[in-house]
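The first chain written gets the first letter, and so on, giving A, B, C, D and E; residue counts start at 1 in each chain.
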């Protein structure tokens, strides 16, 4: 019995943890797990060839976090035709029923949570906020767009085309820059945006490494204490940064759960062909998202960093 | 000596006036004049660095002079590239030979004027007529006695220096229609091969095509040249006839040991 | 002068009766020597041998490797890289390099898709438009290299960024879905069709690649233009002096490369079904194509190598990637091993060449 | 032979009294001509002029551009690219190319961090270890290029993948957080310290870059080894025949490049605070460094150019990126314009050189 | 003719036996023997492509022969590179000149044996002593009469072909301590410059250093050579003394028109 795990990249800790979760579960259930990944964010072609390799290799099922949710549908259909169970992890496919099942968090929702938190925390100042948007890549892969637009929506900014960031006209947005989702990119982007407007007081970051980089840039100009940084992911270093006050709030996701559930589903399918059932009332299995912050805002459900540390993934 | 008098009964086929070419600080051509008469072999001699190669590069379109004008058969000529000059029938063997080392002898000989197969293959599929090209190359090389070349499809980089030079000379002689220019064609050649090249030069003249020959080999120059252009310090010092002056005189003129009658040292 | 007495004016008299014989040397014998000589004469055979060895090794390591589906998967996976490799080979033969191949391919595919769907142009017309625009992008590279005389690396580094950015901006990040294309503009997906002789599914794209390689091999070997491409890469000054219009050849080469990239873009639609501006070919296509070219034995310094070698080079990379995936190494180990194998493949190639010299 | 009668055996008699005069030509006059000549003699001045023009233009377009923070931000953003550029320049001067510079830098920084934190080695010792290992990686490149005689492009394409993969595998994708380093191993963050003369904050890393450029400029210009580097890049066969141990020089050059990359890795820790295996330098560092080198006027064919030019090249890219962001274009347009400006900068450079020839 | 008898009273300083060098199908050296006596000028003549350059490349470490052995001063020598040969005092001017085009004349002359500044700058900072190197280069070029070079810091690529050759010859003559090998040193040189080179060759011999001179210029060869090695089809055909044979004879031998006494055509 073998199963495939295809992630967007294997350099982002989020996917690394997802893989570890899947491997642990697979070992427990006696399934051979082969993992594949794109080389860069948005690498669609590598995922296509990974699916092809899985089919050729006679795997029982595929778990995939799709880079291009619409484009991958053809390949997924080919895999299902070949008798494989296909499970979308983390990101639903477009349309969502292209996969047999989806274990995902809602990235848009994750963004919305930190947007709402930032708005509540700033209070009346929200009208005069000066926001830096630290995004993923200029190719605008869908996670980056969903999180970005979710944040803006949550903060109460008109997002224009929800499939694209950068087309907003709200003057509170100082600028967008890209970070590749790592510290280096976060630092450089923050530096550039600070040079453009030194008065920035709210920073959205695509993930926690980018947030850590942005914090270094703020620290270098002595503004680390009067700027609010929000982020998404909920990795252990990120939660530790929430605790240290580096990040104001982050939306925590649960990749280990997704992966483990996925492996179990494939194991069950391999045994007797049963397919997983969806969460009540939704067309996917929602593995949930939680707002982690030590400064809870009124009317927003959140967990503190201690709880976040228990649940964090790496 | 009345320079103007020499061979001026006819119009020169190739003429240059006041050519100037500078390389950074170096002035390689310093208001240089030049005349080539129809059907003659004109030798150009001069010290190393006198500007001989620069002169013929300007004449064959390989460099653009900074000033001065060139006329071919009485018409003003502007050669933007060697191809322009070649289209007008001026064929040149450069000192650097201008060969593509990785390509074969036949490829190099026909570079820029390849033969195509007759019929559909040639017209529609533009296929090269290799057998014909190879045969032609082999013939021309045999004429020069370069039979030690074993394989006409050998890459030029595998040839000895002399063999390479032979190929370049064969190319120019085969295709030149109005003027053939040879920059030190025998420099790397052996005794036998040099002799062949001299015979070839005479053959070309016999076909009525004038030749410019740059050479440091005085016996060769005095043997084949009709007139000798003596180049010194970037310009024409004088033109002499080999039967009126001795080799010693020519050497003395070109090295500045003596001045020809009626000429004052310019620089 | 001291030698006066020994000098005889007419020493060339000795020439009369000079031998006209061609030097003849004994041929060496032995099967190994012959093999070496043959390898030396047929440079593209070397990557072929590396390929065969790789196939044999993976066949031993993974029981599934020799299945029909594996073979056809590898073939369809290299189709795009192979076509980009054709473009890259042409450019590299002129001692240039084209970093923009992937970007042109992606942008062309986006152009074909968006012109059809956004502006409602019939698919065949927008394909033609896309091919033309791709050619133009290549020609722009060529113009900058040949006329403005900028280094190819820097020109295509610049146009790579420009084209990729234009691609994102023009497409507004929109993916055109496979089902929409299949319904309204099946011509766009033409190369995704396949035949299945004996159960092995072979995409039209694979035949296209093989045809392109064959045509290019013919053109480079048997036409004047092909020889000029080699001459320009070999020594551009010499080629210019020898009467090749080097500038024009360069522009043609880059334009043709652009056309091939646009073809690759069209094939991408067929292969992936959808049209996606964020296809990673835009980012990675250049390195993949260069890898194929160099493993195939084409010199980065220009003027040496054959397009058939490039084809085997692409195959080698395809086989390695597939083989390693099937053996089940983790992706980072796959990258690690592919890096190692790239070096090994070229080292073996070099070693064979040396042994046979 | 027909010429018998005209031949005098001893024509060299004409030589006696030959002129020994050196040809003297009139000097051209005029300020513009002098400027051109000076530009021609001082190739690194050209990128400097492009740089000044760029600064002036952005200063006019954006009121914030001339503020202290902008200048210091640009300087600190180019520190790492500049150091990688030093490594890249050395390699490119030998007609090579090093695609692995960014990967070596990132892996070295990860090594320094993990050796300190995972194995508890004191920070200074692990820095030394990291520098040594970086040098070794470079030397491995050099050995493959010089001894196995593989093309530098393919060698470093391979080691780029190998080193990057090793980096992820070794680090297990773990980031070491800034606060942990500041507490336990501040030596790792040494280059992140700064002085603030007159309000302009300047990182130690910037001084390091300037010092490295100055030292390299001296070494390349005024030592035998430096001349050998140029000779190897110019014509390796000639250099070998002339008595340069080309193989050894190549290995030294690549090893030194590896050392510089490791230094860049150390600087990265200071600058970014944390140690992260997925820093984008690993993927992009090579292209950025090559861009700086080429805009700085170093020929990709080796043997020509100066390290000071590379410094200005890095500055040009830094100023463009910053300037465009300040003028406020969106990231996709910034990407687009940087592509355009790279080409423009090199075109201007080329034009000035041509005018002055 | 008893070849063995010629000059065999002494031991050769440089000796080769049975050298073989193949390039693919071409056998450039075919069991070739070679002897250079102390203090002599040995000329090597032969047709283009006879293998002369291959021979001296094997002797100077630039190529490794496939078979055969070389002895220097009676000891077996194995030159893995030109540097090895140079370390033993064998200095060579190759037909391709071996210059780095972008570097200056002075840089090229001292390539691989640069002078360092005295004192700390040299010892610790390893700074080159440019003034000394330039002065030396200038002196050596003046000796050769290459005074038309305007600037010793000029890049070699800006020199004329002849000037370049002059620089290479000056380098070899200045540094050779045991054997100086010159492959067609005057091929591109003018009359004046060739004369200088011949004088220089005699000077070097006067210093007791033996010289191997490859040349196609028979008058030059017969003027300076003590013995003449005639190369044909990849091997030594015979060795003659210039005072015992005429130039015609030599030319006849090397082109295969005549066979020397006691030798049978090999190939």
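Here are some notes:
In the analysis below, a contact is a pair of C-beta atoms (placed from the backbone, for glycine too) under 8 Å apart; a residue touches a chain by one contact, two chains touch by 3 or more.
Since the model is a prediction, treat every value here as computed from it, not as a measurement.
Taking the definition of touch as given, a chain qualifies here only if it contacts chain A and chain E alike; those chains are C, D. Under the touch definition stated at the top, chain C and chain E share these contacting partners: B, D. Among the remaining chains, the Cα-based centre furthest from that of chain B is the centre of A. Chain centres were defined as the mean of their Cα atoms; on that basis the chain farthest from chain C turns out to be E. Taking shared numbers over all numbers used, the chain C to chain D interface scores over half, which places it in the same class.
Chain D and chain E have Cα centroids lying 40 Å from one another. Taking each chain's centre as the average of its CA atoms, chain C and chain D sit 29 Å apart.
Annotation: 73 Å between the Cα-based centres of chain A and chain B. If you average the Cα atoms of chain B and of chain D, the two centres end up 44 Å apart. Among the residues of chain D, those touching two or more other chains are numbered 1, 7, 10-12, 14-15, 18, 21, 23, 168, 332, 335. The residues of chain A that reach two or more other chains are 10, 40, 138, listed in rising order.
The residues of chain E that reach two or more other chains are 23-26, 49, 96, 148, 150, 191-192, 218, 251, 255, listed in rising order. Checking each pair of chains for touch leaves A-C, A-D, B-C, B-D, B-E, C-D, C-E, D-E.
Residues 64, 67, 69-70, 73, 76-77, 168, 172-175, 177-179, 194, 201, 268, 271-274, 276-281, 283, 321-322, 325-326, 328, 330-332, 335 of chain D are the ones that touch chain A when the two sit in their complex. Those residues of chain D whose C-beta lies close enough to touch chain B in the complex are 1-3, 6-8, 10-19, 21, 23-25, 27-28, 37, 40, 357. Touching chain D in their complex are the following residues of chain B: 22, 24-27, 30, 49, 218-219, 222-224, 233-234, 242-243, 246-253, 255-258, 267. Every residue of chain D that touches chain C in the complex is listed here, in rising order: 1, 4, 7, 9-10, 12, 144, 148-151, 153-155, 157-162, 164-166, 168-169, 287, 290-291, 294-295, 299-300, 332-333, 335-336, 338-340, 342-343, 346-347, 350, 354.
The touching residues of chain B, counted against chain E in their complex, run 23-26, 46-50, 53, 95-96, 146, 148-151, 158-163, 166, 184, 187-194, 216-218, 251, 254-255.
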